[in-house]
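You will see chain A twice below: alongside chain B first, and alongside chain C after that.
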Partner chain A sequence: MERPLNVKRLVKPYLFLLPSVALIFLFNYYPLFKTFFLGFMLVDVVGNPVEFIGLDNFIAVMQDERFWTAMLNTFKFALITIPATLLISLLLSLLAEKKRRGSSIYQIMFALPMAVSMSSAALIFQLLMNPTLGMFNYLTGLQVNWFGDEKYALTGIAIVAVWMGIGFSFLFLLAALRNVPGDLLESAELDGGGYIQKLWHIKLPLISPTLFFLFTTDLIGSLMVFGPVAVITKGGPMGSTETLIYRMFIVAFENSKYGYGSAIAAVIFVIVMIFTFITFAFEKKGVHYH
Partner chain B sequence: MRTKKHAMEIMVNVVSLIAGLLVVFPVLYSLGVSFMSASELSSYPPKLFPDHAIWDNYATVFSSTPVIRFMGNSFLVAAVGTLGRLITSSLAAYAFSYLEFRGKRFWFLFILATMMIPGDMLMITNYMTIADMGLIDSYSGIIAVMLVSATFMFMLRQHFLTISRDYRDAAFVDGCGDVRFYLQILLPMSMPVLSSITIASFLGLWNAYLWPLLVTNSESMRTVQVGITMLQFPEGMVYGPIMAGVTVILIPSIIVFLIFQKQLVFGVTSGGLKG
Partner chain C sequence: MKKLMLIVSALLLTVSLAACGNPSSSNQPAANTSTGTSPSGSGSTSAEPVNLTFWHAMSGTNEEVIKQVAATYNETIGKEKGITITPVFQGSYGDLMKKVRAAVQAKDFKNLPDLVQSPASDVAVMKSIPSIVWAQDLIGKDSSFQIDDLEPNAVQTFSFQNKIVGIPFANSTILLYYNKSMFADAGLDASKPPATIAELGEMAARLTDKPSKQWGFILTPELYQMSSWIGMQGGFLGNNESGRADTMTAVEFDKTGAMKNFLTEWKKAVDLGGVQTGADANVKEEFAAGKLAMFVDSTAALRGVLNSVGDKFEVGTAFYPKVNASDKGGVAVGGSALYVMDRGDQAKIDAAWDYIKYSSAPETQLIWHQGTGYFPVNRKTYDLPAMNEHLEKNPLFKTAIDQLHSSSPQVQEPMSAVNNEISTFLKEEILSFVLNKKDIDTAVSDMAAKANKALEEYNRANK
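The block that comes next holds the complex of A and B.
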């Protein structure tokens, strides 16, 4: 009687874990290793590895001008999107910070973009920023063919992405601001500190972990941007909005070059890891935790 | 002094309201255009709302596109995917919070580390796996990769750890086993967290784009987010019906957002998940 019970006790925890671990192995670790593996292989058009070719895929990626363009576009996109999203959502959260009569109404308005799916947002902005039909140029007084001009298309995509991101960042910053202890602010007030001093010396340092968290998720999100590009511009005009993930998608699924596509995926993974480590190294210096 | 403060408050409210209207402007705009005729849409200066609202665009969307079918597909995918995640992640969270076993730390990190892997870079190899399983263009193919979530496992574990172990000890004295304690006591006690996760997950899966785009080929299998970007009309790119379609698919998301705002905010801010 004793032994089967013991076996049951030993095995039971693993039975609880089995579904998660099996699925995570199958759809996370296995494909991760396979991506690197396929990067070193010649792969046929249906996805079977044919022979080991060493670094050939990676060399081909490095020599591909379109890959470097995609990388540059992705970085430019991140450079516009991240500061704009953080700044706008910080301003919105400062507006909504204090609970007033009616503040729940604009709190809902500020967070609303979160409920709008990427494809809906992309379709709306495609019309909104249309140079002849849309309202964006009319309201801003600009004369820009947003998604049709290679000079502006990437900025156009970034504007869509900023709008999509503010709801999420706003909620985080609002929660962080409301957690700032009131007595700290009061004692600053007694010392004669104005709004700007309180913001700069108390609130911003105290919410810096949240700002850092948002910066990191925005950075990774920007490096992986795909949706609005696929829906609105398809990488055009003249490749001006082709991003890393979009390039990988086209190479693998339209040109059926799975080995080459996997090599791009592996490079993207390494880039994301490098940036993640850089931001975490920076975090140790610049962010205040309590 | 007091009147100055009062005036300040009113000004902040006015500025906030204007900012709020600017933020929701694109959504109002799509709603307005969905009721416009083609000629009104192309008039200059552009209008936010039509002079005479018409329902023709909605009639076009419902009669000449399978948008109802798309919504059904998305509902199925989001519901089954969310249920799957709740099951797998709560089971794993249970083991990590209540059971002692060898390799506990290793398996915990094994699951958590996947939060560092950006999902989209795995699409080529995951596509191959799903193709090898013969699941391309099927519901199972769309749902399979969605059935597990490290974030939700972590959130549930954090929550389970706050529940006193006395409950479990008492239940065991009454003859409960782990499974009965988990199903009949722990899960009902965790309803607030579970509902937050359910809503955040449902909205996330309802809005998923890249993976369903990749694994579906036939029009009848498309989810609403993929289908809406591929609507075909005899007259080409017509924005009226497209905006009507966008409005139709936004309604469920916005209703869920408005009703379950509290749970959603908790689910999103404590799990830190995006999109």
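The block that comes next holds the complex of A and C.
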């Protein structure tokens, strides 16, 4: 009687894991391995691997000017969007932190961008930021051709992405701020601590796990940005908004070079992995878990 | 006991997940059998209903006409023969082709349509897809179809080694649109639109008023425009007759001097100050808002342009400006053809072919032309009294037809599978010359070298 139960005990957790592991293998790991495999192959227009060509695709990626431009664009995009999203949503959540009468109204308002689908938001911004007919230039008095000018297009895309990211980050930060224990803040007040001191020495350290989580997801998200680029600028003008994923998409699905596209995908995977490891190394120093 | 329950419930969970997965995967075959996957081959009885899916890329006004044509077919001939066609909008030509490619790559023939509309620039891709049934083979079995009735330029567009792949359906050429009121205001003769790039530059400069953000002409040339501007000068854009005699392996515009001629003229025009180039602009909106005097676009845009302009001003249409006044070649045929896909059911192939014949018939082409601005691909359309009436009432539509009939069938977009890439290279290098970043010879040799490399890479993988 003892034995079969033990076997069951051994098997049970794996049975629970089985559905999700199976799904993850099917939809995450299988495509990943296949992508790496295709990266070493010459693939024809119909998708058949026709010849093993070793590292040729990867060498071609490294020599491709447009790939490096796409990489630079992606880094610029990440550099604008991550700090902007975190800062703006932190400010908004500090504003909404105290529960007052009617505060649920602006809480909802701040979080609402989350409910707008990416493509609809992108299309709306395309109209708002139209150089001649749009509200954006009209209200700010700027004369900028946001998505049509090489110099501003990436910033334009970043503005859209920040707006779309705020809702999600705001929600997390608001919850984190409200979880900061009141007695800590109270004792700080008794010791004569002002608002800035409380924010700097108590609130920020205590919400740092949330900030870290948001930073990591934002980082991965912005390194893999695709949606607004595909909807608004299609990588243009003159490749100034072409990001890594968009480049991969164009190479594989518009130019029918699946092997080459797979090699780009593999390189992107490695880049994103490296950055994720770097942030996790940073976690040990900067994040305070209570 | 409790543990046993847990195990059972965990198992149930996996089973239920599998069950969830099942219906969606068995969905397709089930749908197929209901639409009649009878193995009886071509001789299947007409009593068996056939449902066809038709992927197209027509939006706005043009989509309405697509739906109207399909509905008419379903109610008349389709009803007789038991064929029902369902048009499905799949986004722009680019989006549609991405979906076709993705489905072909995944070998997902069940989800492919029976009929696809695909643009002139992608013939080379379509002909390399194994499940495409070449129209030439279908014509060979059907003596009722007269290919000689179709416009020879359009037939040539979709032919490789004189065999036609898809049947021309919605065809167009590039056309110059201009605002007659702005011409009059600038003291120009509205009945004399520019005939050459040089004249275009001069007139654009007079029509431009930068403080009020008004431009004479906006264009960043890509392969679409260059196919005509290179072709009209006489030679081909690429070798092997631009890929129609045999696979294209290199470009020729650098050796014939045609690109250099164009660049010289184009830069002169841009330097006069009335041509905006390099920035992305929505020319049709700017034109309708009276902020742009001239632009070039497909003839298929005509109905839409007229609708959005309304009575704000008078629209003029003219032949595409020439590079040199002596150019005789005319313009390339753009637009699209319909292709039949083999999904393992002969009855569907036959039905799809029947719909294609209907689509290219004179009467259908008349409705299509009136509703959109695409020229009629069937020359018999001009024998219809209603067609002559229509052209008399709407002289703007006639420009495109006259231009087509004075163009050589040899002037075509190249038949290469890397047209997207070539287009990007042309666009960037033309711009870098016009903006003084490169001298003319470097720009020409750079764009040729990049295009040749792309062709070589593609041909290496696709023999």
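Note that the second predicted complex is superposed on the first by the 267 of 290 C-alpha atoms of A that agree within 3 Å, B and C clash if a C-alpha of one lies under 4 Å from a C-alpha of the other, contacts with A are read in each partner's own complex, and residues count from 1 in each chain.
Here is the rule we go by: contacts are C-beta pairs under 8 Å (C-beta built on N, C-alpha and C of every residue); 3 or more make two chains touch, one makes a residue touch a chain.
Bear in mind the structure is a predicted one, so any value in this text is a computation, not a measurement.
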Give one of first, second, both or neither to describe whether A:P205 is in contact with chain B, with chain C, with both, or with none. neither
For A:I245, select first, second, both or neither according to whether it touches chain B, chain C, the two together, or no partner. first
Specify the partner with more touching residues on chain A, choosing between chain B and chain C. B
Touch test for A:G193: chain B only (first), chain C only (second), both, or neither? neither
If we overlay the two complexes on their shared chain A, which of chain B and chain C does A:L92 touch? Say first, second, both or neither. first
Just chain B (first), just chain C (second), both, or neither: which does A:L171 touch? first
Have a look at where A:V50 lands relative to chain B and chain C in the superposition and call it first, second, both or neither. second
Does chain B (first) or chain C (second) touch A:N255, or do both, or does neither? second
If you lay the two complexes on top of each other, which residues of chain A touch chain B in one and chain C in the other? 12, 16, 19, 23, 47, 130, 132-133, 253, 258
Can you list the chain B residues touching chain A in their complex? 9, 12-13, 15-17, 19-21, 23-24, 26-27, 29-30, 33, 41-42, 45-46, 48, 87-89, 91-92, 94-95, 99-101, 104, 107, 110-111, 114, 116-118, 120-129, 131, 144-145, 147-148, 150, 153, 178, 203, 206-207, 209-210, 213-214, 225-226, 228-229, 239, 242-243, 246, 249-250, 253-254, 256-258, 261, 265, 268-269, 272, 274-275
Which residues of chain A touch chain B in their complex? 10, 12-14, 16-17, 19-21, 23-24, 26-32, 34-35, 38, 47, 91-92, 95-96, 98, 100, 102-103, 105-106, 108-125, 127-128, 130, 132-135, 138, 163, 166, 168, 171-172, 175, 213, 217, 220-221, 223-224, 226-227, 230-231, 245, 248-249, 252-253, 258, 261-262, 265, 268-269, 272-273, 276
Partner chain A, residues of chain C touching it in the complex: 3-4, 6-7, 10-11, 13-14, 17, 94, 97-98, 101-102, 104-107, 125, 128-130, 213, 278-282, 285-286, 289, 291, 417-418, 420-421, 428, 431, 454, 457-458, 460-462
Using the touch definition from the top, list the residues of chain A that touch chain C in their complex. 5, 8-9, 11-12, 15-16, 18-19, 23, 42-47, 50-51, 130, 132-133, 145, 147-150, 233, 236-239, 250, 253-260
